[in-house]
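In the two assemblies presented below, chain A is common to both, partnered first by chain B and then by chain C.
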Partner chain A sequence: MKRLSRRDFLKTAAVAGVGVFTGIAPTVRRVALEPFVRPPEEELPGRATWFASTCRQCPAGCGILVRVINGRARKIEGNPAHPLNRGKLCARGQTGLQVLYNPDRLKNAVRQTGGREPRQFKPIQWTEALDQLVSTLNGLADRSRVAFLGGLVPDHLVALVSSFLKALGAPPPVLFDLHTTLEGRAEAADLARRWFGKPQGQVQGFPLPMYDIARAQVIFSFGANLLETWMSPVSQSYDYGLMRQGQAGGRGFLAQFEPRLSMTAASADKWIPVEPGTEGLIALGLGRIIVEDNLGHVGSHRDHAYLYRNVSVSDIAQASGVSIETLRKLANVFADADRSVAIPGGYLAGLSNGAQTMDTVMALNVVMRRLGREGGVFLPHQVPAEQFTSSASISPFSEAQSLIERMKAGQVDVLFIHSTNPVYELPGWAGFVEALDKVRLVVSFSSFMDETAIWADLVLPDHTYLEGWGYQGVSPGADRPAVSGQQPVVRPLYDTRSTADVVLALAARLGGQVAQALPWSDEVAFLEQSSTQLLGTSSGIYDARTPDGFWSRWRQHGGWWTEKPLRDEPEVSGMPTGPLQVSPAAFVGDPQQYPFHLALYPSLALTDGRGANQPWLQEMPDPMTTGRWNTWVELNPVTARSLGVHDNDVVKVISPQGELEAAVVVYPGIRPDAVAIPVGQGHSDYGRFAERRGSNPLSLVAPLLGQAPGLPLQWAATRVRVEGTGRRQELARLESLDGAGREKLR
Partner chain B sequence: MAQDVKSSAEASPRWAMVVDLDRCTGCQACVIACHAENNIPVVGEEQAAYGRWMHWIIIQRYWEGEYPNVKARLMPVMCQQCTQAPCEPVCPVFATYHNPEGLNAQIYNRCIGTRFCGSACPYKVRTFNWFEPEFPAPLTEQLNPDVTVRSRGIMEKCTFCIQRIRRAEMDVKAEGRQLADGQVQPACVQTCPPSALVFGDLNDPNSQASQLARSHRSFRLLDELGTDPAVIYLKGGETNVPG
Partner chain C sequence: MSRRRVLIIALIALALLGGGAYIRINRTSLASAAPVQPIPFNHRVHAQAGVQCLFCHSSALRSDVAGLPSMQKCMGCHQTIAADREPVKTLTDYWQRQEPIHWQPVNTMPDFVFFSHQPHLGAGLGCEGCHGNVGQMDIARQPVNMDMGWCLDCHLKQPSEKAARLVDCLLCHK
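== the complex of A and B ==
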């Protein structure tokens, strides 16, 4: 290259200077080359991008990281920074990809033409659908005749819908689904409110109690399947691992009281197969022995003696079938440990004496002074922002019933249904299908054509959770206040629309008060504003100087939580004034005619049935029976012998309410007087993987005493009889039935 | 290049998995995580009823005793990555071979489907693709681009998520660092809610896996066969509370 002389340099500089001063463009310009296809900015070929979001396969609200390559979600993993699941995820969480990429998703909004029976669905434009909704809502003489029935609805949508309904003058949303019914969520909140509620405290949304499994030395679980589907299974399983092998004080002890050996009971040190309905009596007997013999190291039990005043341990031993010696031994184990905790599980809520039973179990924690102590009972500390303190509360069954009554009476003109499937999830006698007939306009926001969506006039599919926005208060909590943030990890696959945006668009179109109550331009604006309520909170894992900065860190981390653990000590404000009572549990069906207790349980894979359209979950063996893809009936070997049936024989299970047929699994871990059936199969709609497979055992659940108002759904209070059919059906199971328990390569 | 291979072989890790049966709950999270990571198809109800399955890790359940003193034992079983692997010498085409890190690697495009390896395996952890795998669109979008989708006639099994090992190795190499203990996690280990699965290098005496392997609770499956597996089980169920 030629050396630049001083003279040449000055010449060039002069010319350039003239150019600058006169605005003449240089002869050669730099022009960026534009490729025909432009990759998204964050894409590096062959490199994955990870996005933090929230799992929506159950209400727990675990934090997830989604591995995205070339704009497609490839793998979901737990978010290691999230205080709830601490990097872990369950089988259902892992399967979330099959919700997003399910071949049976609705690809656009549809409307039903020609009434609700013939199932003729035609695509409809979103503008047209919104027009129809606006004109229907405007045409209502009385806007209180609008109702919203939700299930697993993210908290941000509950907040928006609640404001929307309030501004309309309609009743608040009813949140009811089978999953939360089977885990007794509403009843657990009720229990906490009874014992720890302030006299003028919250009526709705009382926080769920938390049990410190990780640090407990002795855990008595009364039907809480805490490693499977109950409450927050991933967090509880993590803590269980610590309880087993991570404690300084040695290995913890878990005793499980329930009629069927669940997977949790299989992991327990002791399984006590109690007679259904006598769980409360056992807790009562244990308490009586502790108080009477003054067991434990917590000083005198004199203050609590009145709780057990009229209790006879020998009567309890007789009624429950658990011997006095066993009761004494268990009481000693519970009281001698420094850190023991008793957990009232979900299936108790399905019994007629559920509330009393849960009270007696909680009383054990109170008597042993386990409240707010390591390895004991805690309440979550509230997130320090108003937006997140009123977390969504599950409605009791009575509210769902009164909604159905209002529908039947023709008092509901427009019904919105989001992420619940009542036609499948409720027993037929609840009358939901008949009630739908009386509603003028039924709108479903389902992503799939499920049993309820086929009855809707309009189906306006929401994004699936990996495509949508939201937040979810973590309840029951982690060891600290936490909100899980949800954000899209991929662009929506189809012409679906966020239900929150539909609600906001409706509000804007309706104008007036409703528009004022919901002033946000879209869902994201609402979320941004909500998140920044936490701006400037010193206890958080991050903070920012500007709302924009805070919002971006919110999305980066997948929510907000505090840096340090922070839990509240429950204070007993609702101590029972008299002795604890446990009335005998009532069951439907004459014991002579119907000799067996029906023990339903949520399938580990499908939970209440919402996992049934995901092939990985269908193929996932049930850990205890190794059954897959179908429904089965578990019988004790003695019972099976007396009925003359074997594995894979089809039997008919008959209750006073209905009947079903399914193959037998001879199951050594169940009381001889009980019959267990997993919930989750038996879908008539819901996509190719779910349909026409097995039976829905909810059809067997009979109403107790006409289902007295105010009671939870009594799903554990039905008796059945079993009859052979003489047919056989090979159940698809993982284990080979050669008796050796070993797999053979086929 | 040759120099490179030699030096890495000398310092190569001995990958091993520790399964703590005292922590394991049988929850099947590992099973599904493995499906997701390794593009394992499902066989469907009809084939499943014939007894077919496609899982690289299964939870085996054994009953002990009779009601009411019945106990169910749950045990995750995956390829044991034997040091003296019975599957290796029987393969006529060297599709299954021993790699320098002690893994039993399976080279799918060499496999001709004799299924000798499956017959030789005492742990019965190899599964054979009798049919072309089906992923109804758009389920294909979920497939992991790091892992081959095996076609009909191919034997497959757990690889200890070799793609994740390689990814971690390349990442640290690019950053000029060494692999830290716990940095490599197969999908099952990553997701395991009670942290029953621990993965690590047995050649590093300080790795968590090495430490756990020295536990008095440790045993190996069918140890008497002399296969010297790289999966180490820790016995569970010892209780110190009378009850």
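== the complex of A and C ==
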């Protein structure tokens, strides 16, 4: 090897030195300083202001504090004073900033010119848009032909829209979206109404039951992914922590019954991979053993014996694949604990025997006298003001279907759509796109050009939640009645307008009854008036002498809640009169042709797909597979071997309804007879981060028995087959593939 | 070239790059010429007219940063005063477009320093103590290299009971 001579060294050094001093050196970044054009009131440059508001990334309604510097929202944290999330916030809540600053937001109102196909959108002035709406509504021969379809709509807007539609003489708003479908929200409310409703009580809007996770010693969760997306995950995760830390005397025990190992199942003490559709049988078997052997310390079970009259535990063991010994052991664990609770989860609602299954799970709580007891089942105590008791209730799928039917029959002339994306969220056979064709004027209030907004004639973007006002009843509740208040933390970035203000302006312009029903000058006036219904309530954390004072404290605290915990004990009014029954679950697809159950699950990051346009969420690895930025198909190693496929091999998943292609993740945490796919990707519109990425597995969901009327969307009742394609696609994953290389570590 | 030679050359280049970067960082914060501003704002004229520093840089007493006046504040006077001057016309154009002016920073500090105006003013220091006699400058420039030695010069001169705290690394490098 040649030695470096002194001369060479000097030459090289000189060359490098010249390079350095002529500019191949890092420079210190200089940024321009931007003053306010008009400073916000009380703004102090360089000092953070914190605003208390409400998270709107899911329906839970967690309280947030937003750090604002120089008029820009910088960071979202949980509100420590809020009784629901108690200062904590999930990843989706943290990502809210990317809703506000999303580069694909609509910056102004637009109208579609040249029909709905060519997607020619032209900016439109707000006054012009309102003129068009008013003249269309005035021109209607029959104002009952107006419809409103909403998803994650804040409660104050639901209240305003409901009054608006009522005054028009139109049917009430339909609130339906995929997120609440996947968590079985409408069905959970229905379950509570069946068991605890008064005979002539509210039909709609029954409060969701609450399960006291924090103080329970034993929790049996039937498919409730309570640490991920189900109901109120931040609050439940906090309570799970308390349960584990043994607040109630000793470390709590969690058993999870579901076909796929979710993150919740992975955090549980025991995961029972049940065959889909047999969850109810297992609950039935457990109940039978408890009653038969008179387990537990709550006295005689004779009164409840009739519920389990014709149950054969050995038949159940055979049908569900869970052995009699395991069932006996589990029944003993559940009954021996002083504070045990059984939770019916969301995916049960997607099965044909969902309601029966949820009933059998609730029956376990009733048999063990767990209603209204520490670590048991509760109902929320109503907020003591009329405005907040009639909080929004999620419509069952049948109502969405009947809206679609009305649209198809040409009975809807004007359709308003707010914060739901049915074209993406509903399976194609629901016929939403075809139904849209029959509607004369479709108005979307979406902040983004999503799959539904592109079919709208007018898109009138609402403010994002960090720019807008509102309130949200907390449901399922915290340990006390609570309303989360929402207020703007920054000025609206673009020429958007609050939908509540659009509705109020419409009402004023229409005049007559409608204007009388909505007399408020703007939504803030409405909110101020609503909040002061709580003025003088002695149980609240604050009170004031004047409405103005109350309103300012409302905004300071970010809502209202009581000082002390307050929950209601459910009274069983709807005890089944005969034995509990669980019919065998029905599935679409011949088991010979379609050997696997399709187990869809909401992505922890993207939930039902509404997070797909936020790159932080796309980047967030799935907790179990560490996959991200794409759709994947989870196969048990045994299944993968029999199909001859490996990690990253692209497979075709075929159902009687449709097919999709995605890369394989070999995942030991799933039954060999099931195939799991996360929901959330596969957007054709919805901004640069969401589009053309992965597939939408809703396209596989087939209508069960032609989707019998009255049933929830049967999204867990489809069978599929899997075929290799011979192609490979490297899936973006945070960690190395499971198992690969680990043998060397030993 | 042999591998060793490549390696040696790379090492030398790296060392020089590092050194160059060090010098450059220091050079940019050396007392230097005034940066070119979008509007040639004249501090001397404003100071002679009796405008106090804190009238425009009003958050220095209460915040980390002294702050730049909002466009609204500029226009508060310049709606009428000197409205025919060329720079003020440029300002008015910005205002009519409701656009902020992108000012170039004059006094810079590296971003690993957590400096706050508030305690310095609270300790009775005047603006000119660090920023020089801005009232005599047409276009503002940085009069002194604000490096750590310069900070410590002053911090070490403080009474001993304060000095211990004032020379703690974590006071400025958090």
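Methods note: the second predicted complex is superposed on the first by the 694 of 746 C-alpha atoms of A that agree within 3 Å, B and C clash if a C-alpha of one lies under 4 Å from a C-alpha of the other, contacts with A are read in each partner's own complex, and residues count from 1 in each chain.
Going forward, a contact is a pair of C-beta atoms (placed from the backbone, for glycine too) under 8 Å apart; a residue touches a chain by one contact, two chains touch by 3 or more.
Since we're looking at a predicted model, the values are computed, not measured.
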* Asked: Regarding the shared-chain residue A:E34, is it in contact with chain B (first), chain C (second), both, or neither?
  -> second
* Asked: Does chain B (first) or chain C (second) touch A:P615, or do both, or does neither?
  -> first
* **Partner chain in contact with A:S447 - chain B first, chain C second, else both or neither** => neither
* For A:P233, is the partner it touches chain B (first), chain C (second), both, or none of the two (neither)? -> first
* Asked: Thinking of the overlay built on chain A, is A:W629 touched by chain B (first), by chain C (second), by both, or by neither?
  -> first
* Figure out whether A:S267 sits in contact with chain B (first) or chain C (second), or with both, or with neither. => first
* Quick one: in the complex, what on chain B touches chain A? -> 20, 22-23, 25-29, 31-33, 35-37, 42-45, 48-53, 55, 58-63, 65-68, 70-74, 118-119, 121, 124, 126, 136-145, 187, 190-196, 236-243
* **Residue numbers on chain A that touch chain C, as the complex places them** => 1-2, 4, 8-9, 12-13, 16-17, 19-21, 24-28, 30-39, 44-47
* Structure fact -> Touching chain A in the complex, chain C uses residues 2-5, 8-9, 12-13, 16-17, 19-21, 24-25, 28-29, 59, 62-65, 67-73, 95, 98-105, 108, 110
* Interface residues, chain A side, partner chain B - complex -> 69-70, 72-78, 85, 87-91, 93-95, 97-98, 100-103, 217-218, 227-228, 233-234, 237-238, 240-241, 244-245, 250-251, 253, 255, 261, 263-264, 266-267, 269-271, 273, 329-330, 333, 337, 493, 604-605, 615-621, 623-624, 626, 628-630, 636-638, 668-672, 688, 693, 730-736, 741-746
